[in-house]
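In the two complexes below, chain A is the common chain; its partner is chain B in one and chain C in the other.
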Partner chain A sequence: MNMIRVTKQAVATALAKASKSYAIAGPVKAGAGHEFRCLGQGQVPDLEYTHTRLSPKSLLFPQAEPMFHFKLPETTGEPGDTPPAFLEAESFKEAPLAVVGLRPWDARALDLLKLNFDSPDYTDPFFIKRYNAMVRVGLADIHPDPENFSLAAGSGPFDEASVDILLADAGDAFIGKVITGKGRDFAGAAGFEPGSPDDAKAFAALKAAAEKEADILPACDRINDADTLDLYHADFWEAAAFSCINCGACTFACPTCWCFDIQDEVNQGKGVRLRLWDSCMTDLYSAHASGHNPREKGFQRFRNRFMHKLKYFPDKYGAGIMCVGCGRCITQCPGGIDIREVMAAMNAAAATVQQEVSP
Partner chain B sequence: MNPYKPFNVKIRDILTETEDKSLKTFTFEFASPEDEAAFDFTCGQFGMLSIPGVGEIPIGIASSPTEKPVVKFTVFKTGRVTTHLHNMKPGDFMGIRGPMGNGFPMGRMEKKNLLIIGGGFAFTTLRSLVEMILQPQNRDRFGTVDVIYGARTPGMLLYRDELEAWEKRSDINVHITVDGTDDPDWAYHTGFVPMVTESCAPKADGNTMAIVCGPPVMIKFTRPVLRDLGYGDEEILMSLENRMKCGIGMCGRCNIGQELVCGDGPVFTLAQLNRTPGEF
Partner chain C sequence: MTTATKERAENALQEKIQEKIRGIAATLLENGTVDAVIGYSRGSLSHMTRAIMAKTREDAQKLVFNSHCRMNLAAYLTPELMEKACAGKDRAGKVAVVAKGCDSRNMVIQIQENRYARDQVHIIGVPCTGMLDKAALARGVEQEQANCATCIRRNPVIHDDLAGDPVPETDPDKDRFADVAKIEAMAPPEKAAFFDDLVSGCTRCYACRNACPLCYCPTCFVDEARPQWVGKTVDPTDVMTYHLVRAFHDAGRCTDCGACEAACPMDIPMRHFTRKTIRDTVTAFGCEAGTDPDKRPALDRFELKDPEGFIR
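For the complex of A and B:
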């Protein structure tokens, strides 16, 4: 068995040991809740946390990322006789980053992001370097939030598919499983104790209890087979988007939203081209320079977001929906929009169309 | 490799194309031969014109690959980057990323007759295509070539000298039109592109492809004309634009349903577009 065990008092010591070969990130208290941060020497993640406001995607895809630097040609009035220098961004820390305490569905979200940032045609060097160097020490959720529907979204409170180690809170200790070679290396560096057959049983029991508790709704079985245009033209979209103020909170909180903007910042002749998180909820996101906007109305942007997550993405990649069921958008939406209800509406619309065409 | 870092280019030449000075053609040369080789493009692709400190814009490539080593872009002055670009001078340096997009499907177009329909300043990548086809080494690869090109007034036509040169050739039929003119000596058509298409375009014969680039209103009224002429949706190619940032399929915004204009396009068949939500 690949079981491991670490008592709660020993977590700090284990991470201190691991920090000799790994940079460590994890959930820490920030404001009223928790956020993922890279941890300083001696800083310990708060593994009693329930959820973080933002997802750990920023560890691979920071909210602002310098892509390269440049120097502007001297403004002498003469045409510059030297081209502007495009200089590589400083390379970030090469030490592998161990994220300790991320939830299994948040880990899955990182794998979904990879589908976008590592395509057959182009690889995003910033994302992929961090992705490859990251070790994911997952923390199972023994009491999922009522808004969490990760099990229905292809992950779950004990999903092992996207983590290197999966820990679970067993009272006075974390017990867990080493899943990959990367995980074994980290467990060795941290000096985790081997777990017992009893630990394996306890782990299985915790998993069974959490998955029983987890909300398995909503059904979206019909969306896959439905025609894209039937769903797009379904008549519920405007009503479903009625309370949406296009604030974009969902897109920033979402662990799978990857859209970005590119902007230049210049100070005294030196500049940097930055990649910044963007939101498909704003009208500027898709507005042409001419003023024409293919998604001019708020409900059109609302529709595009959900169609992307629940139809375009599954059709394009065959990797399930672009949602891991974390529930952040449900708890943070000021308009009270619930993606599960949108899924249900899409599923129902798909059912109606299918009924209409069948004799 | 960092796909966001542009190649260094120098503006070799700037030509004002239209009487209102809103369109200029910029001829660029690459600062390094490696970059020049890396910018290996086909007709219908686009590039990101990149001005450090100002921003980037996706613009269709107006020159033919046969015009290398230079590359040309015709740019309409409309926003922040294009306005800055219009104020730059020959000799100035800036950046280009690319080439991007699928370009015209040359494999499907070879041996076919081509009906090329353009309106306004969407004619740029069509100019690239025509210029490539008219090279002696390429002309035999294609059947008949009909070009219908319209602008609001004679002074708004792009590439006037080239249009006149094409007019004189026997291996291409050029139908130039303007919406209106007060020039009594105007020797070409007057009227909108769809009307001229109706009267001048060859009927579909199963071996002709129509390539349409223009403003939405032109496309809207040209589609039924092409249908009446017998063109199937698989035989009609359209080149689209949407707002873009990265140009390499990652930033998200140029999607039309699950298709990305930057990577899956910008050239689509009408049949493909009919299957999308049409958000362009």
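For the complex of A and C:
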């Protein structure tokens, strides 16, 4: 057992030590809530935070990412004078980044994102460099929010699968486990003390208590085996989507939504190609160049978002649903949409169809 | 009245309104006056409601009214909805809508702007005593929404049914625009810093725009993509361009319903922009948007006495 402990008073010193070898990111106060930020020298993450409104995905996948810069070449205008355009890749040196205070489900979301950004067909250089350079110092959630259903979504308040270290708040100190080699290196650099067998017991007790408190979501077990078109044509979608105003609040807050748009911004012959977060909730997202839009109606876009998360993605990757149960979309939706209810509706629709076909 | 007593009285009032809404909705649906009723229903979170389209007596029993009916249902009155409501019928759709004072003002404007005809909507008016601020509730504080505190029309301007006795309007003489004056008094650099900070958390999810009953352009200027009119980044210039242009587009039309702020997942008080346009419309033209069905919006008409001091 690789138990570690760091008293709350010693956190700042430990991170200062670690910052000699790592850049540090973590949750800090921003406006009325908390957000993940890369921290400056001496800045300490607020590990008393409950949740961040935006997920930490921006640390791997920023909302606006310059991919490369370009200059339009000067030409004499003579026929045949077409000098090549000038391209310059974004200089990209990622130092090892330790994210301190990452919730276990937010960490799992980063691994789900990787399925899209690092596939057999294509490896996204921006994402994967940051992904590989990241050390995840997780912070278990000893009191999950009522809207959090991470345990049922395949993660949980003490999920160890996607973190390098998992700490838990034990009052005057953080106690926890070193899980990977990356985690061991960070623990060494930060000078975390070894934990005791009592710490191991306390950690297990905190875990049991948090998991007991954690919500179990409406099951989505039947969605997997349901026929895609049966779900797609189920009759609940329009009513379920009625209050949705098709804004992008859910997609931007979501730790697993990864869709993006590409835009060139050009000014006086110089330009930059940007990759920007996009949202499938918007009309523009699915508009074709022809003018046709396959998801013209709001409810169609609503349906697509949930079908992608709960059906297409599991079917494609076999890695479970594209949702870690953080609950951000539930608390932030202006229309009061609750993904747990949509899951239940899909599961129920799947059950109805299955009953109909079985003799 | 103590705060607790006042709350109990308001809750009792709202429960009565809720019962009336259900009764009116059921009758309208059963006697065929309307194809559907747009109202609020309970959300999965205690401090949220969600819009529903009730089509049967059973649906009508799901309608609620409480201090969490922050969304403006006028924003749901799209041509698509009108079409859906009358699907299969050989006539234009007619829907009933639950409308608070501010919502009814937005409906006045939508009718003036030919969004739909007056006879296509049946307004179930609700005398309103204000909504609770969602962001404050998240901090455990029960406090009225800022826009409700300066409300000038708690009772619906137009209605076909009234789901409750009219409530007294707030004191019209009280200083409604102290918030605007405070910002106007700032020195330019201070003002710039204030507004930069105000929108710094914006992710451009457009919840404010989509919740707004005035924002119904078929293609919003930020969605003009051939070519792109406004950059899509979260660069401060792009973000501010969005907020300022939207505020100006709503000038003379905004009823201060507060749906934009209630919808914002980042709790950005973007009403600071629209409040200034409201104050200026009142000062320059003596107009309160949507309070008079017979008077077109201030920026939609010309009168010889219109001030022209701004022309230099």
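We take it that the second predicted complex is superposed on the first by the 342 of 359 C-alpha atoms of A that agree within 3 Å, B and C clash if a C-alpha of one lies under 4 Å from a C-alpha of the other, contacts with A are read in each partner's own complex, and residues count from 1 in each chain.
One rule holds in what follows: a residue touches a chain if its C-beta (ideal position, glycine included) is under 8 Å from a C-beta of that chain, and two chains touch if they have at least 3 such contacts.
What you are looking at is a predicted structure, and each value in this text was computed from that prediction instead of being measured.
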| item | value |
| --- | --- |
| Clash or fit, chain B versus chain C on superposed chain A | fit |
| Partner chain in contact with A:Arg273 - chain B first, chain C second, else both or neither | first |
| Angular separation of chain B and chain C about chain A, which is computed from CA centres of the superposed model and rounded to the nearest 10 ° | 90 |
| Touched partner set for A:Asp261, first chain B, second chain C, both or neither | both |
| Partner chain in contact with A:Ala249 - chain B first, chain C second, else both or neither | second |
| Which of chain B and chain C A:Gln63 touches, first, second, both or neither | second |
| First, second, both or neither for A:Pro334, with chain B first and chain C second | second |
| Partner chain(s) touched by A:Asp172 [first = chain B, second = chain C, both, neither] | neither |
| Which of chain B and chain C A:Asp235 touches, first, second, both or neither | neither |
| Minimum C-alpha spacing, chains overlaid - chain B and chain C, in Å | 5 |
| Common interface residues of chain A - those touching chain B in one complex and chain C in the other | 261, 263, 287 |
| Residues of chain C that touch chain A when the two form their complex | 43-45, 48-53, 71, 75-76, 80, 84, 135, 139, 200-201, 203-207, 209-211, 223, 225, 228, 231-235, 262-267 |
| Residues of chain A touching chain B in the complex | 67-68, 70, 72-73, 79-84, 86, 88-89, 116-117, 119, 121-125, 228-229, 232, 258-264, 266, 271, 273, 275, 278, 280, 285-290, 292, 294-295, 300, 304, 307-308, 311-313, 315-316 |
| Chain A - residues contacting chain C, complex | 30-33, 53-54, 63-64, 147, 238-239, 242-243, 245-249, 251-253, 261, 263, 265, 274, 276-277, 279, 282-284, 287, 297-298, 330-338, 340-341 |
| Chain B - residues contacting chain A, complex | 1-6, 8-10, 31, 52-57, 78-79, 82, 89-95, 216, 241-243, 245-246, 248-258, 263, 275-277, 279-280 |
